[in-house]
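What follows is a set of structures to go through.
In what comes next, chain A is part of two complexes: it sits with chain B in the first one and with chain C in the second one.
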Partner chain A sequence: MSATAQKNTMYRRPQGHAALVFFLLLGVLPLAAGLVYAGLYSFGLIGYLRAGFTLQYWYITLTYKALWASLALSLGFAATVSAVSFFLALRCVIALHPHLKQRGVRFSLHLPLALPPLVAAFVSFQWLGGTGMLARGAHAIGLIQATDAFPVLVNDPYYIGVFVTLLLLNFPFILLLVLDQYDRAGIPEYVHLAATLGGNSAQIRRKVIQAILIHRVLPTLVLYTVFLFGAFEVPLLLGQQSPAMISVLISQKFSKFNLADVPVAYACVVLYAGVLLVLIACFWRWHFRQSPNSEHA
Partner chain B sequence: MKKALFYSICALFALPFAYLALLSLATQWFYPALLPDGLTFVHWTGLHAGFFSALAYSGMLALTIGILSTLAGFLSAQYIAWHPWRRWALVLAYLPYAFSPVIYAHCIKFFFLVSNLAGQVTGVMLAQFILCYPFAFLLFFRHFDANLRAMEDLSATLGASRTATFFRVLLPVSKDALRLCFAQTFLISWFDYGLSSVIGLGQVRTLTVLTYQYIGEANTYLAAVTACMVCFPPLLLLWLNQRFVFRSETLQSETA
Partner chain C sequence: MRKILIAILLSAIIACNTQAPKPADQDWLNTPWPAIEQAAKGSTVHLMMWQGDPLINAYMAEWVVPALKKRYDINLDIAPGQGTEIVKVLLAEKDAGKQNSSIDLCWINGETFFQLRQINALYGPYAPKLPNAQYIDFENPFIGIDFQQKVEGYECPWGNVQLALIYDTLRTPVPPVTMEAFETYCKAHSGKCTLPYEFTGMTLLKSWLITLAGGGNALDGPFDEKRYQELSTKLWAYINRVKPYFWRKGVTFPESLAAMHQMFANGELDFTMSNNDNEVDNKILQKTFPGTSKSFVFESGTIQNTHFMGIPSGAVNKAGAMVVVNFLISPEAQFQKLLPDVWGDGTILSIEKLPDEWKTKFENVPQRHNALLRSAIQPFALKEPAPEYMIRLYSDFRKFVIEQ
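Up next, the complex of A and B:
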């Protein structure tokens, strides 16, 4: 037997236990340890204020109206931005599919990916603020005479500034995603088939294109909603102090000088992780419904 | 009409970059002026040492994190993708990936404080690594599919050793995925504000931390300068990617 063949019989694929341990240690353990620490802190078992097991911080957290308002605001906001981005992207892809394939257009659609949220928030502040570029434009054409006549679009109670910024940041990404799925799913063939079978344009749009794309994009859209749920920089600069989005609220709780707020902040972290787990479970449910036998989808 | 609307939306995406560049060059730009009073390079030439140290910190962190998490993700996903517990590993990787970086930072800050890593560049680097590594893992987990495994098996059947298979089959085939993962993890680190500010305790001033500081101080022109610098590498990456994609498409069409 030659040396190469002998070597080949020794080709053993490692079981991957070492890689799994490495992954668990550096990928999972830090967060798990952080959540256990947060849980213990929130029950008064560790930390500067420890005085034995207590549920008082959890009572404060669960009856803390601003937290529920913040959770509802963050979830509602994330879902709204995702849904609006998706339906706008869907309309754009259906109406403008050939134009979207042009190199220049594709490049401009990638541009917002080069804009970090902090810088996007800064630009929005400069454009939407009372002395911003939009107010200057309105003044130049005689719509307003003074800055206070311009509507409040930054740090406003309706989160208009945050919504516009997140939408402009996320819409191109969703559009590229929908466009990619449009090509991969072979939509034009289905459209031809539906037209041959007598479907009108509205039926083809609603029952063929929209149905296929929603089915294919939904898992990624859920995951995207999860990211938006934890958005920080944009609501920090353009949002309100109360109700604040969940990342901002938790960050505020940790940054305050009141030590009694720290266990409550940790309880909020545990609650946030719980909501996140539910959302990820939803994502998995949809994901495996689409490809039940394979993790490599 | 539809086309005009669409092209104006495309122009809208380029507008922030043009605006930031103009703002960074403005001498004065007060309400209600639509254009700056004049243009100057004084904000760019008058940059202090803090800016260059922030640039160096951001560059070093992003490059190190890009390389380390790409390597770690590639090597670990290669084995875990076919491990009996792979589904659990995949599920577990999603939580740190989806967690808000700033909340994650508050969660793990205690461990960095007791190990004296908070406020240190190494601490921020470690924190960014444990954020980017699950992302790289997820990206490569999908990459190591049945086709790649079959290719690996074929290479072994043809007599290649594990080292030869790794360097002559897996790495060349994974070139695009490696490049994509590096670019993504580089950008996650480069764009990071929440984690760097919490774990860095304000002592590790990256470009994004400096930008936020200038915004807080209402130092608009310097904020625009740092914002331009934050946007520059991703724009360069985009342009290179565009050029590369165009070239490969052209080559493919020529050889077809």
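Up next, the complex of A and C:
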């Protein structure tokens, strides 16, 4: 019996149906209900202060330039952090594979995963801030004349502090993912085969290792990018107000002083979810076309 | 597996059908006070309040909570949450049609009062019912009127504070006490000044708006769109003129007062500020600020603000909440709160109305150390303008300053 047939048989079992119902009830239904609620709220159809169907909140949302800037910033930022994390991880795995398999090293890679983003943001603030430890250190060894002369690395217009913090938080996870796929894919055998066929080290690295790992890791990496797209605590503490990361902007709409902003915040949520769903759908469509027989299909 | 699934679905249906206990709908406003105290005995009151200051937390946890338990057998359960969070919780409950609120009592001020009144989320008029309300002068415009709205018994005053700026006398021997002097100072000390993009920062902007309007009572009365446009244009011009000399060149502003306090403490900023005019003493006591720190107010005045206790209309334990508020406005609790080493929060009691014993105590309260005396800053107190000014300033600050 083929693997696909086995899979189909499994889903026909009662347990398979129950699991599917569980997933729909606990995983999909609450989220879908939340989105429907947000949608109805944004059209003025529900909520204590509702005044009947209106498009005014959507008009405000769609013409709100800062929102589009935030969406673009968040998307670009999430993609950049994911891509840099991945390529760094790839380099590390290729160069240090035997060392990374050692128990102590592998355990130490899990440590940043235990650090809550809020704590990581505070730590970054203490290190990178204008009077932080790096600034004081640079001042102490005479690199700068006053701590004020230290470059701006937090709340900076280029999001350097946010980038560094998210990279430090995410890189170990991506590294573990790549390391795991390196072992599962049997890369050493492919490398050996390619070398036997006359491939040089650059060709083997680019056309064998990199190609296989990108193919295997990409779906998870895309989902992780989606997760980063909604990063909140780190940009809240270390980012700047304009443009703000999308989750920070929406949170401000929800929690500040104007009750009339609440339906607008819900419209922003629907837009945010819509943009993500479209991007995810586009990615899967592209991915299936690229590899129709992949295990993810 | 199917049985488990059916069991879960049935449990969910039963849970949905379970009747929530009906809210306590007794007419407490017409119930004799001893009966209210009796009903409150042995109950738990859920209070939601800002918990961002160790001294305030200590006052509540170590003094108020034990005293309430001992005298009234009331358990005061304090949950963190301030203005906008309280509004979110109560609005969500209203949206869901929930009759019983998870909050019995909340610490609020004008802009929250405005929002909660919009959604009919406050119970009242309960304040005049409290026995200790006899010591409050509701005719005092700083007490009886909140952001130009008549309180009308739907919230009870708890404390009174005035916006003050904090500086270090070693770094800034002479603080800038006018808007012009502040601009000059910022230009001469680039990157050392800013204002927080939150409630306290907006309170400073309101103070400046009143100054630009001519000072004093210039913005009394309801919100005036035309006036706002005219004054805010001047205000944004002033701020954008100073902006390049602000911290981070005004590209970003601190999101919280705590961040600003920290930057002042480590020398990154020359000023911080607080809505509590005694904050400088509190922070020196906590060893957060250097002992050379002092406070000042602008010659053109700063906003004086009363903070209140509100009971949600859906509060389950209204009787308990009323007893708690009555205790919080008692001369004893107000005196304890006023002590500079405890909290230093201004009292809302009228000293003239107090019994002689308490009058003497209040008149001989220990002096502040580095904070300006309340009597010294009272002449510079400005009333809160209508809440719409704050709402507009908050959104327009983003539009005309941050996003510029």
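The rule is simple: the second predicted complex is superposed on the first by the 248 of 297 C-alpha atoms of A that agree within 3 Å, B and C clash if a C-alpha of one lies under 4 Å from a C-alpha of the other, contacts with A are read in each partner's own complex, and residues count from 1 in each chain.
Methods note: a residue touches a chain if its C-beta (ideal position, glycine included) is under 8 Å from a C-beta of that chain, and two chains touch if they have at least 3 such contacts.
Remember, predicted model here, so these are calculated numbers, not experimental data.
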Answer with first, second, both or neither: which of chain B and chain C does A:Gln15 touch in the superposed model? both
Report for A:Phe227: first if it touches chain B alone, second if chain C alone, otherwise both or neither. first
Would you sort A:Ile280 into first (chain B), second (chain C), both or neither based on which partner it touches? first
With both complexes overlaid on chain A, does A:Val269 touch chain B (first), chain C (second), both or neither? first
First, second, both or neither for A:Phe254, with chain B first and chain C second: both
Partner chain(s) touched by A:Leu49 [first = chain B, second = chain C, both, neither]: second
So in the superposed three-chain picture, is A:Leu168 touching just chain B, just chain C, both, or none of them (first/second/both/neither)? first
Larger contact residue set on chain A - chain B or chain C: B
A:Thr131 contacts which: chain B (first), chain C (second), both, neither? both
Touching both chain C and chain B, counted on chain A across the two superposed complexes: 14-15, 18, 22, 131, 147, 237, 254
Considering only the defined contacts, which chain C positions touch chain A in the complex? 1-2, 4-5, 83-85, 87-88, 91, 94-95, 111, 115, 118-119, 191, 197, 248, 251-253, 255, 263, 266-268, 387, 390-391, 394-395, 398, 402-403
List of chain A residues in touch with chain C within their complex: 14-15, 18, 21-22, 46-49, 66, 129-131, 147-148, 152, 155-157, 236-237, 239-242, 254-259, 261-262
In the complex, chain B touches chain A at residues 2-3, 6-7, 10-14, 16-17, 19-20, 23, 30-34, 72, 75-76, 78-83, 85-87, 89-96, 98-104, 106-108, 110-111, 129-130, 133-134, 137, 141-142, 144-146, 156, 159-162, 190-191, 193-194, 198, 208, 211-212, 215, 220, 223, 227, 230-231, 234-235, 237-238, 241-242, 246
Which residues of chain A touch chain B in their complex? 4-5, 7-8, 11, 13-20, 22-24, 26-28, 30-31, 33-35, 37-38, 92, 95-96, 99, 103-105, 107-120, 122-123, 125-127, 131, 133, 135-137, 139-140, 147, 168, 172, 223, 226-227, 229-233, 237, 246-247, 250-251, 254, 265, 269, 272-273, 276-277, 279-280, 283-284, 295-297
